[in-house]
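What follows is a pair of complexes built around subunit A, which joins subunit B in one and subunit C in the other.
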Partner chain A sequence: MKIRAQTAMVFHLDKCIGCHTCSIACKNIWTDRHGTEYMWWNNVETKPGTGYPTLWEDQGKYQGGWERRDKSVGLRLHSRGEGLANIFYNPSLPSLDDYYEPWSYRYSELTNAPAGDDQPVARPISMITGKEMSIEAGPNWDDDLGGSRIYAAGDFNLAVLTDEERQQLFLLERLVFFHLPRICNHCLNPGCVAACPTGAIYKRGEDGIVLVSQEKCRAWRMCVSGCPYKKVYFNWKTGKSEKCILCYPRQETCQAPACFHSCVGRIRYLGTLLYDADGIEQCASVPDHELVEAQRGLILDPSDPQICQKAQDDGIHESIIEAARKSPVYRFVKEWRLALPLHPEARTIPMLYYVPPLLPVAATMEEGKYELGSDLFVDQATGRLPLRYFAALFAAGNEEPVRAVYRKLLAVRLLRRRETVGDIPEEVVQRILNESGSTSQEAEAIYRMTSLATFAERHVIPPFMREMAIEATTDPFERKESAGFGLSRPPKRGW
Partner chain B sequence: MADVLLFIVLPYVAISLAIFGGIYRYFNDRFSFSSLSSQLLEHRLLFWGIVPWHYGIVPVLLAHLLAIIFPNWWGVLLGGRDRLTALELVGMALGLLALIGIVILFVRRLVNARVRSVTSVMDWLLLLFLLLQVSLGAYIALTFRWGSLWYLHTAVPWLRSLTFFHPDAAPVLTLPLAVRIHMINAFVIILLFPFTRLVHIFTFPARYIARPWQLIWWRRQ
Partner chain C sequence: MKSSTLILVLVIALTVVVFSPIFLPQQACGEDAPTAEGKGIFQAKCSPCHTIGGGRLVGPDLKGVTAVRDHAWLTRFISTPDRVLASGDPIAKQLLKEYGGVAMPNLGLNQTQVDELIVYLAETGPRKKSEPPVAATIAAAGDPQRGTAFFTGAISFQRGGAPCMSCHTVSAVAPLGSGSLGPDLTGIHGRLGEAGLASILATLPFPTMRPLYQSRPLTQAEREDLAALFRIAAGRPAVNTTPRICAIAIAGCVLLLLLAGVVWRKRLRSVRRTFVTEMTKTEGYQG
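And now, the complex of A and B:
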């Protein structure tokens, strides 16, 4: 066993209101540059929907992630030899039109327009060519089911449903959707790192953040395809790949990442997990239906004294183990088993977990009696997105872990209704709690962490101990009167 | 005098600039030490251009180099009539493949507005010289037969004399004009090497064959 620490995340989808504040916070800080206009390191998708880039979940098209081969896994994109042979032209790279062509408007046409009978119109201009263009797609073109006949109907995960179920979903009175915020998953077995021929992408040992070295990147573009989540982007201006850096410069000064900090619905949780690095290959190689459980098994209990001792032996500082003990992510993922990985079948072992949305629970009130309807999990009228859909998203098609999550979420909700409204009999609550394998204490704790948790409880940022870094041991006057970043220069190509 | 300038001074200047300029750029501007892929912006034409281009030009270039480095082995290889014919045919086919590729790449840069917007002056310059070079190469291969053989007795002695620092341009001075332009242009391209995206030749990531799939970097403490 070899223990490492990983900064991991939980997104509670029941609380996401789809406001895109996270996307804007990220954009303003990191991707407001020429060449990155089309990148959204953080984006919020409407599900059902085709997402951004279009149909990113279709690995038949983009070849992201890993495939199970014999007793291990192999990169879906290429073998090493194929990777080098395809180096001139990557056959699985999304094109700009799979994202969208970024544009602005010629605003001067508004202010400089001569007086006339018509309203002046600002024409859209491409931010790549600077020429006039017609807008055909955007990063949230299908927001809130806009154009759902094309976009929502094209959702890759709907393939698991029957024709009848699909038709029912798109009846007007049954339309249902939820939001799926996505950032880089900072995987334990990242496909982008493995796909990079140069070795420019790496995982930080201390916190597992996956980064692209801008100096080393040589524009082979394999990482873009290798990532099953399409969260590595190619900067067409600098010729470098870029991706979410989990705001490590903010974290190193004990601030939450910008998207977490700005989250209006407070859906985001950040914390450290301890895991067994020797178990990664084994975990990535199990059959589809065991993936969720295998991934939970990889995560270790930071309260176990033996684990703590081993972690310290493996060079993890006591203060990081302490942060792991307070980690809300550990609670959600391992202790309460409420948060699930997104598309675990890509076998990259993503470290961003989602609490699936309990939506919409259509209970009825009749004669003062709260009626939940028949079984939530078979009745299409109450749970309108079938369980199988969520299983395709969050559990590689295995309905069991998703059903367990929903039972527990429902139990928490009923327990709170009993306490605040009081129109459900105690026995019913107790029965549902038992069925979900939970206790009232646990349900209470889940409720607290979901609804009342403070900023510091939601974001337990591990101390980075920059004072221990090599820079601290060098002469503090060494960089005096220099630019402040050593030899750093503007990311420009002069040739 | 012009011959000395073109066939002796130019090669030395070009090679030394390429070596020292390349090293300087690698250590001082590593950020730009690569090609600038435009596949994201346009991929359909790119496929028909870039794949034939690279798979055509790389073997042809290697053949040119190997003949200089191992002239005796090259002579033995070409010793039989059948072998010579086969090699000549393969060389011609690869040359034409490269020519088709670079023409498509050139047209693509001309007609596609997105790609044009990421093309620098040096890119155009390099592309023009390469186009000229490959056109001349294909022309020579088609009109002056058995080039793989007479190359061994004209250009190779000249290039080897340059390599061993007793320069002698005599073997090439009487060659047809097209061949001489091909030679001079080759050194112009070498001259351009450190100032263009051509540096990406030396970034071929051969180490990928042997490196572990996953990379973990630790902060030095």
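And now, the complex of A and C:
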């Protein structure tokens, strides 16, 4: 056993209102540069939908992640030989059109237009070529249900549903959606790192943040294809790949990452997990239906004294173990078993977990008025997106873990309804709690963490003591009185 | 004493005896005669291209040269032939023309060596009119086919010399020409004449070729075959292969680009555009 620490995340999808504040916060800090216009390290997708880039979940098209090969895993993208043969031509690369062509508007036309019969309009112009363009897609194209019959109907996960179920979903009265914010998953078994021919991508030892070295990157772009979540982007200006850095400079000064900090719905939780690095290969190579459970099994209990001792022996500082004990992520993922990994079938062991949404609730049209299902709080199958859809999204097709999550989420709702409204008998609540394998104490704790948790409870950032760590190699006063932003060594094309 | 030690001692003793002449200081023979020094220099530096009374090779027969040429001019020419040629000296120009444009290289001799060489040349006496030139001759029996094969390297030289094609070209031997380090040899027979060609092939005296062929000279048969090739080639016009190579390179480049375009035709195929096209094609789609 080799214990390591990982900064992991939980997004509670029931709380996401789809406001894109996270995306904007991220954009303003990190991707507001020439060459990164099309990048959204954080993006919010509307589901059902094809996402950004279009159909990113369809690995038949993009060849991201890993596939099982006799008791181990291999990159879906290529073997070593194929990688060498295709090194100058990566056939599975998303084009700019698959993301979207970034645009702005020629606002001056609004004020400078000559007098005429029509209202002046600001024409969209491409942020890359500067020429007029017609907008065909955007980073959140599914958002307003525009083109639903194409984009929402084309959702990759809908393939598991029957034709009838699919048609029902798109009846106007039943039309439902929920939001899925996505950032880099900072996986334990990252496909991007494995695909990089240069060794420019690495997983940071102290917290497992996956980073691209802007000095080593040689623009082969295998990482872009290798990532099943399409969360590595190519900067066409500098000729280097870039990705979410989980705001490590902010974390090193004990601030939450920008998207976490700015989240309006407070859906985001950040905390440290201890895991067994020796178990990664085994965990990544189990059959699909065992993936969620295997991933939970990899995470270790930081309050177990033996684990703590071993972690310290493996060089993890006591303060980080202490942070792991307070980690809200550990509670959501391991203790309460409420949070599930996104598309675990890519076998990268993502470290961003999602609490699947109880919403949306679909209404039915009866006698000219909208009706919600009558036993909405009892039956998880009524009036919601089918379980199989969520199983395809969060559990590699295994419905069991998803069903267990919904049972528990409903139990928490019922308990709180009994306490605040009081229209549900004690026995019913107790029965549901028992069925979900939970207790009233646990349900209460889940409720508190979901609804009332403070900023510090939601974001438990371990102290990195970076200021002390750099003293060995760098003069800590080197950048004193300098600007504090910009690039000290700007990335350059070339060898 | 063990037998193995005994053998070792014997071997060492034997080695010392066998190789001892190498380690002993060599007696310089004829050190008292300055002409001996001059003879040595002639043998080492001049004999590949010149004879004394042996007739014309690459350069003129030097018998009686001291009588024909002024001493000062001779000193100047032997020590710095390149500079004399460059200065436009009429005698040097005339000689260069006469001997097929093969310029004499700078031999790097110092003043003493030049003097000794001239003393040696003077001692050999004036040329007698009756003395027939005995130059290296070559039989006209060579096979131009084999000569071509030697030139291109299809048949290796017996003693392992590099094939001529590596550095030289001869018209119509290789369709795309060949090496351009050395001069074009198409008209070499016309320029040097039979005797010059024979002597050059025998000695290959040029600074670039000497280190390559000194220890791997051409055999008599090989020389005859090559000479036969050059004899035939002398009549051919010189061919400039550059336009041909350019045309082939451009055509090859276009062909490779076309091939790459066909093999990798799926490149830059947009997933989104394909997807939208497919979805809008399905029956019942109403936008």
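Keep this in mind: the second predicted complex is superposed on the first by the 444 of 495 C-alpha atoms of A that agree within 3 Å, B and C clash if a C-alpha of one lies under 4 Å from a C-alpha of the other, contacts with A are read in each partner's own complex, and residues count from 1 in each chain.
FYI, contacts are C-beta pairs under 8 Å (C-beta built on N, C-alpha and C of every residue); 3 or more make two chains touch, one makes a residue touch a chain.
This one's a predicted model, so the numbers in the text were calculated from it and none came from an experiment.
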item	value
Clash or fit, subunit B versus subunit C on superposed subunit A	clash
Which of subunit B and subunit C A:S95 touches, first, second, both or neither	both
Partner chain(s) touched by A:P425 [first = subunit B, second = subunit C, both, neither]	neither
Which of subunit B and subunit C A:A137 touches, first, second, both or neither	second
Touching partner for A:P249 - first (subunit B), second (subunit C), both, neither	neither
Partner contacting more residues of subunit A (subunit B vs subunit C)	B
Partner chain(s) touched by A:T54 [first = subunit B, second = subunit C, both, neither]	second
First (subunit B), second (subunit C), both or neither touched by A:R149	second
Among 116-124, 170-178, 188-196 or 206-214 on subunit C, the segment whose C-alpha atoms clash with subunit B after superposition	170-178
Intersection of subunit A interface sets (partners subunit B, subunit C)	89, 91, 94-95
Parts of subunit A lying in touch with subunit B, wherever the complex brings them together	75, 80-81, 83-84, 87-91, 93-96, 126, 128-131, 189-190, 193-194, 197-199, 201-206, 214-215, 217-221, 234, 236-240, 280, 468-470, 489, 491-495
Touch list for subunit A against partner subunit C, complex	50, 53-55, 58, 61-62, 89, 91, 94-95, 97-98, 137, 149-150, 153-154
In the complex with subunit A, residue positions of subunit B that touch it	29-43, 46-47, 50-51, 53-54, 113-114, 116-118, 120, 122, 195-197, 200, 203-209, 211, 213-221
In the complex, subunit C residues that touch subunit A	264, 266-273, 275-276, 279-280, 285-287
